[in-house]
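In the two complexes below, chain A is the common chain; its partner is chain B in one and chain C in the other.
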Partner chain A sequence: MGVEAREARQPWILLSPALVAITLLLFVPLGFILVYSFWLRTATGADVAGFHLDNWAEALTDRFYRDILLNTLKIAAITTVVCAVAGYPAAYFIARSNRNKGFLLLLLMLPFWVSYIIRTMSWINILGVSGALNSLLLWMGLIDEPLAMLYNEATVILGLVHFLMPFMILNVFVSVDGIDQNLESAANSLGATRVQTFISVTLPLSLPGLAAGGLLCFVLAAGTYITPLVLGGPRDAMFANLVFEAIITQLNWPLGSALSLMLLAVLGALVLVYNHFLGMAQLMKGMG
Partner chain B sequence: MTGPRGKAGTTLPLRKARDLSTVKLTDIEKRFGDYVAVHRMSLEMPEGGFVTLLGPSGCGKTTTLRMIAGLLDPTAGEIQIDGKRVNDVPIHKRNLGLVFQNYALFPHKTVADNIAFGLKYRGVGKSETAQKVKDALELVQLPHVAERYPRELSGGQQQRIALARSIVIEPDVLLLDEPLSALDANLREDMRVELKRIQERIGVTTVFVTHDQSEALAMSDQIVVMSAGRVEQMGAPQDVYNTPGSEFVARFLGASNIVEARCTARDETSIVLEAPDLGRIVIPADRGPQVNGTGPVKLVLRAEKLALSEDKPSDGVISHSARVETVDYQGQAARYFIRLGELQLQAINMIDTHPHGEGSEVSASFRPSDCTVLPA
Partner chain C sequence: MDSTKRYERLRERYLNGDLDRRVFLGLIGAAGLAYGVRTPFVREARAAASEVRFDGWGGVVSEAFREYAFDPYTEKTGVKVVDGTFGGGDEYLSRVKASQPGGYNIAHLSGVFDYARYAGLGLASELNEDNIPNLKYVIPKLVDVFRPITGGKISCVPYDYGTTGLAFNRKHISEDEMKEKGAKILLDETYKGKIAGWSDWRTRIWYASLQTGQDPNNATDMDAIWEAIRTHRDLSLKYWTSGAELMSLLAEEEIYVTEGWSGRIYALQEQGHDIGYMDPPNGFGWQECLFVLKGSPMPECEELLNFMLAPETSIAVAEGQNYPPALDPQKVDLGKKIPTLPAFDPTGTLAGLTFADPEYWNGHEAEWSKEFGRIQKGY
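Presenting the complex of A and B:
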C-alpha cells in the first residue's frame, strides 16, 4: 500500500470509534424516531406501522403546539439575552484579570460539580413558601405572610439563567481573552475613551464568542424540560415537556416522535443560520 | 483644509510647519509591588528629536514608554509633554502616536478605517478624513491598500499602516515600542531607513524602544542605555558607542575587551595605567572622566579598535605580539579571539585578502586614545 493511501486512511482510523458511537447512539435512534413519527396510534393504544401523516398534521396545525413552541422560543430568547447582558461583564472581568484568571475560571466551573437537577431544585429552598427569602422577609417584618414567588415563568427563566450562565461566560471569555490588549491601548492612544474603545474594538471582536454563547444558551434553553417541571407552574410547560408528556405519560410514541423532530428542525435551522454566518469553529473554541 | 500644505501637497504637516513638542521626565519611578521596574529616572527629550531607549529585556525601557503613553501610571515623579504635566491626563487626551511590535491593527476594519480611526475622535470631516488617509498611505508608500484588511498585508506593510495610523492624527509625540522586532532581518533594515525618513520628514518628537543596538545606533539622535530600571548612559550614538560610561554599556553595545588595570598616575591631560601583559599605557584624560585618583580601574578597548597584522605596526600605537586562537569568519570582516600573554582578547578586523589563520602569530595594536577607562 502506498504512503498516500496510508495517510489518507489515517484520519478515518482515528475517527472511527467516535463515528461508531455517534452512529449507534445518535443517528440510529434518530432514524427510529423518524420512522415512529409516521406510525399511527389507534384508540386501542396499539401502534400501527406504516406511512401515515396524521401525527405531523396534528403537530403542525394544532394551535396548542404552536403556542407552546412560540412560548418556548420566547423563554429561550429572554434567557439568552439575560445571560448575555449579565454574563458579558463577568467574562470580560475574568479575561482581563491577570492574576486570578485560573481561580475565577475554577469558580465558574464549580457549579458543574453539582447535578443540574439539584441546582434547579435549590431554588425551591430559596424562593419557596418556607424558603430562605420568605423566612428572611418575615423575620425582618417586611411581609406578614409568605409570598408566592415560585412556579411561574419568571422562576423558569431564573432557573435557566442559573443553569446556562457559565456557558455564556465561558464563550465570551474565550473571545475576549483572545483579543490583543494592545488593540485597546492603540484605540485609547488614538483618542477613543474606554467606552468608545469597547464599542468600536472590543465588542465587535468578541461578537463571535457572544454569538456562540448565545446559540448554546438558546438551544439548551429551548430543549429543556426539567426546569419548567421543577420551577414552572401548570401553565409554564415548554415544548420538551409536551414530548415528555406524549411519550412517557400517554405512551403515544408516534406523536411524541413527530413533536421532538419538530423541535429538532427548528433548533437545527437556527444552528444552520449561525453556521452560515460564523462557522462552527467558533463554537468549538468556546466549548474547549 | 486646516493644516498647512507642504510642498509635496500633503495634508500632513511637515517639519517646521508644525509646533514640535518636548518630553520631560522628572524622577519618575515605577513599582510593581516590591519590584522596582524603573528607578527615579530623569530625562529630557529635545523637540523633534529621535530618542532611543535601549537595553535588554526587563531593563524598564518599555515600562518607561508606557508611562509616557499613559498606559501605566508612574508611582512617583512627573511627566511633562510640552512643558505641561500630563500625569493625570488620560491616554486618550494625550495626543500621542503609539506603534507596537505586533502592529495592533484593528483586524475587523479596513486599512482606510484603521488609519481614519483617530480622526473620528477629532471631529475631522468626511472629505478631509479621506484626503488625510490618502496622504498618510502615500507617505508610507502603500497608496493602493486602502480597502484591504490587515490580514491581507505582509508584516512590513502592516507596520507601515500602523505607523500611518499613528501619525495621521498629528501626534505631539510618536512612541514606538520595538516596531521592527517582528520583521525579518532584511525587511527590518529597509524599514529602519523608511521609518527614519518619515520621522525626519514630519519632524515629530519620537521615543523609540528597542533591544537592538544597531537600530539604536543607526536611527537615534540620542540613545538612553538602560539596565535593571536605571539609566546607564545617555548621549549621541557616537559618544555612547565610543566612550561607554559603564562596563554594562561597553559590553552591551558592540564587542569590547575589558581588562583589569591599575591607575598609577593621573593629571590634567593624561591617565597612566599599568595593565598585566599590556604594560604601561598613557591615555588622554578625557577618555576616563570618571577616574579620580589612582587604584584599580577597568580598561575598555573596542574589538574593532584592536588591529591585527603580520607586519610591524606604525608609530604611535601600542603593539604586542599575540597568537590567533579562534577565527569567526563573517564575510567582509572576521572576529578573532587572540591570546596575548595571559589575556584573551577579541578583535574584529576587516578582511583585506584573506583572514589570519588560526594559530598564526600576529602583532596586535591599538591607539591609547581609542581606549576608555572606567572605575573598577
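Presenting the complex of A and C:
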C-alpha cells in the first residue's frame, strides 16, 4: 500500500470509533423512530406495524401542534435574545479582563457542577410565596402580601435563561477573546470613540460567536421539557412536553415519533441555515 | 463436554494435521466471539435470580417500603431489591414497553384499571398462590376484583388503599365551607390562582364528573365535563405531577386547595401543617397492588410478596406510608395508628369507597387522555 493511500485511510481509521458510535446511537435509533412514526396505536395501547400516514397527517395539519410549536419557537427566541443582551457584556468583560480571566471563567462554569433540574427547582425557593424574594420584600415592608411570581411563561423564560446563559457567554467570549486588540487601538487612533470602535470593529468581528451562542441557546431552549414542567403554569407547555405526553402518558409511540421528528426537522433546518451563512467552525470553537 | 475438553480435542486434531491452521484459528475465533456475546447475558440472567426490581411512587411511600420491607427482606433472604420510582402507571408502562421481559419485575400499581390495562397488553404473570400463604390475611373483596380480568388467576397481591380527596389549607378555607361546596370548591373564583390539581386525566375527569353532578363511573355529558376541566384549568396555579410536588405546593402555601392523595396529606398533617382533608361524596377511592410482570423470577417475587404481606411488615409499611393496608381488620389487629388514617374502613368491606370501573375508564383511555392533554394546554 502506498504512502498516499495509507495517509488517505488514516483519518477514517481515527474517525471510525466516533462514526460507529454516532451510527449506532443516533442514526439507528432515528431510523427506528422514523419507522415507528408510520405505525398506528390501537385503543388498547398496542402498536400496529405498517405504513400509515395518519400520524404525520395529524402532526402536520392539526392546529394544536402548530400553535404549540410556534409558541415554543417564540419562547426559544425570547430566551435567546435575553441571553444575548445580558450575556454579551459579561463575555466582553471576561475577555478583556487581563488578571482575573481564569477565575471568571471558573465562575462561569460553576453552574454546570449542579444538576439542571436542581438549578431549575431552585427558583421555587427564590420566587415562591414563602421564597427568598417575597420574604425580603415583606421584611422591607414593600409589600403586604406575597406576590405570585411563579408558574407562568415569564418564569419559564427565566429558568431557560438561567440554564442557557453560560453557553452564550462562552461562545461570545471565544469570539471576543480572539479579536486582535490592535484593531481596536487602530480605530481609536484614527479618531473613533470607544462606542464607535465597539460598533464598527468589535461587534462585527464577534458576530460569529454571538450567532453560534444564539443557535445553541435557541436549539436547547426549543427542545426543553423540564423547565416548563417545573416552572410553568397549566398552559405553559412546550413542544417537547407534547412528545413526552404522547409517548409516556398516552402510550402513543407512533404519534410521539412523528412529533419528535417534526421538532427535529424544524431545528435541523435552523442549523442548516446557520451552517449555510456562518459555517459550523465557530460553533465548534465555542463549544470547545 | 466442557469448553476445555472441546479445545483440547480441537488442538489435537490440528496437531495431527486433520485441520489446517486457518480452520483451527477460525473455530477458536468463533468460540471466543460466542463466549464474549453470551457472557453478559448469562451474567444478567444469573443476577436476576439474586435480585428483584421493584418500582413505586417515590417519596415517603418508597422510603417506607425500603425501610420496613426491602431491607429486612434482603437481610433475611439475601435477595436484593432494586427499587426505582415512577410518576404514574402510564409512565411506568412506557418504560416496561421499552424494556426486555424480566427487566422490570414488580410494580406498585394503582387501581384495578391499571391491572386490567397491563393484563390487556400481555404483561400479566401468573402467581402461585400456594407460595403466598399470607394472602389469607387480605380483604377478600380486594383480591376477587382481579380474578375475572386474568381468568381466575391473579398477577398481583393487593397491598393498600386510599382516596384522592380534597386537601385544603385550614387558615384560608374552613371545614364548613368545604362541606358546603365539596368538589365545586375547585371551581370557586374566590380562590383563583390558589387552586391546583393533579395532571392525571382520570382524576380530572372524575372530579369534573362530581362538579357537574354526574356519576364518575358513567358520565353522560362529556361536554359539561370538558368545560368544568377548562374552568378548573383557568383558575389553577399549576397541575402537580408528583406527590412531592403536591406536598410542597400545600406546605409552602402556594395553593390553598387541590385534590390530593390521602396518605400524602396525612404526612403533611404529621409534619405540623394545618392542612385539612375531606372525601366528597363519590370521592375517588383506589386500591394499590403489587403487580408482578411477565418474565420475572417468580419464586423470588412470590417470596417477596409473601414477606410484604406478613402482618408485621404490612402494618409497618402502612404506618410509614400513611395508607391503610389491604389486610382485613376482621382477621388482623392493625394496631393504633392505622385506624386513624384517612379512608380506613374498620369493617373490611370497603363499602364506603367508590372505585373506578376498569371497563369504563380503560375503554375511553385513548380518547380522553388525548383530549385532556389538549385542554390542559389551553384548548
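Here is the rule we go by: the second predicted complex is superposed on the first by the 288 of 288 C-alpha atoms of A that agree within 3 Å, B and C clash if a C-alpha of one lies under 4 Å from a C-alpha of the other, contacts with A are read in each partner's own complex, and residues count from 1 in each chain.
Quick note on the criterion: a contact is a pair of C-beta atoms (placed from the backbone, for glycine too) under 8 Å apart; a residue touches a chain by one contact, two chains touch by 3 or more.
Please read these numbers as outputs of a predicted model, since none were measured by experiment.
Asks: Based on the shared chain A superposition, would you classify chain B and chain C as clashing or fitting together?
Replies: Here chain B and chain C can both sit on chain A without a clash.
Asks: In the superposed arrangement, which partner chain does A:190 touch: chain B (first), chain C (second), both, or neither?
Replies: first
Asks: Which one hits more chain A residues, chain B or chain C?
Replies: C
Asks: Looking at A:180, would you say it contacts chain B, chain C, both, or neither? Reply first, second, both or neither.
Replies: first
Asks: Of the two partner chains, chain B (first) and chain C (second), which one does A:205 touch, if any: first, second, both, or neither?
Replies: The first partner, chain B, only.
Asks: Touching A:234, do we find chain B (first), chain C (second), both, or neither?
Replies: A:234: touches chain C, not chain B.
Asks: Does chain B (first) or chain C (second) touch A:129, or do both, or does neither?
Replies: second
Asks: Looking at the overlay, does A:115 come into contact with chain B only (first), chain C only (second), both, or neither?
Replies: So A:115 meets neither chain B nor chain C here.
Asks: After the fit on chain A, how big is the angle at chain A between chain B and chain C, using C-alpha centres and going to the nearest 10 degrees?
Replies: 150
Asks: On the combined arrangement from the superposition, state the nearest Cα-Cα distance between chain B and chain C in Å.
Replies: It comes out at 47 Å between the closest C-alpha atoms.
Asks: Touching residues of chain B toward chain A in the complex: what are they?
Replies: On the chain B side, the touching residues are 69-71, 90-98, 100, 102, 104, 106-108, 117-118, 120-122, 162, 165-166, 169, 175.
Asks: Please output the residues of chain C touching chain A within their complex, sorted ascending.
Replies: Per the stated touch rule, the residues are 88, 90-91, 93-94, 97, 117, 120-121, 193, 201, 233-234, 236-239, 241, 248, 252-254, 363, 365-366, 369-370, 373-374, 376-379.
Asks: Which bits of chain A are touching chain C when the two form their complex?
Replies: Listed in rising order, the residues are 41, 43-46, 64, 68, 124, 128-131, 148, 150-151, 229, 232-235, 237, 242, 245, 247-253.
Asks: Can you list the chain A residues touching chain B in their complex?
Replies: It is residues 180, 182-183, 185-194, 196, 200-201, 204-205 of chain A that touch chain B.
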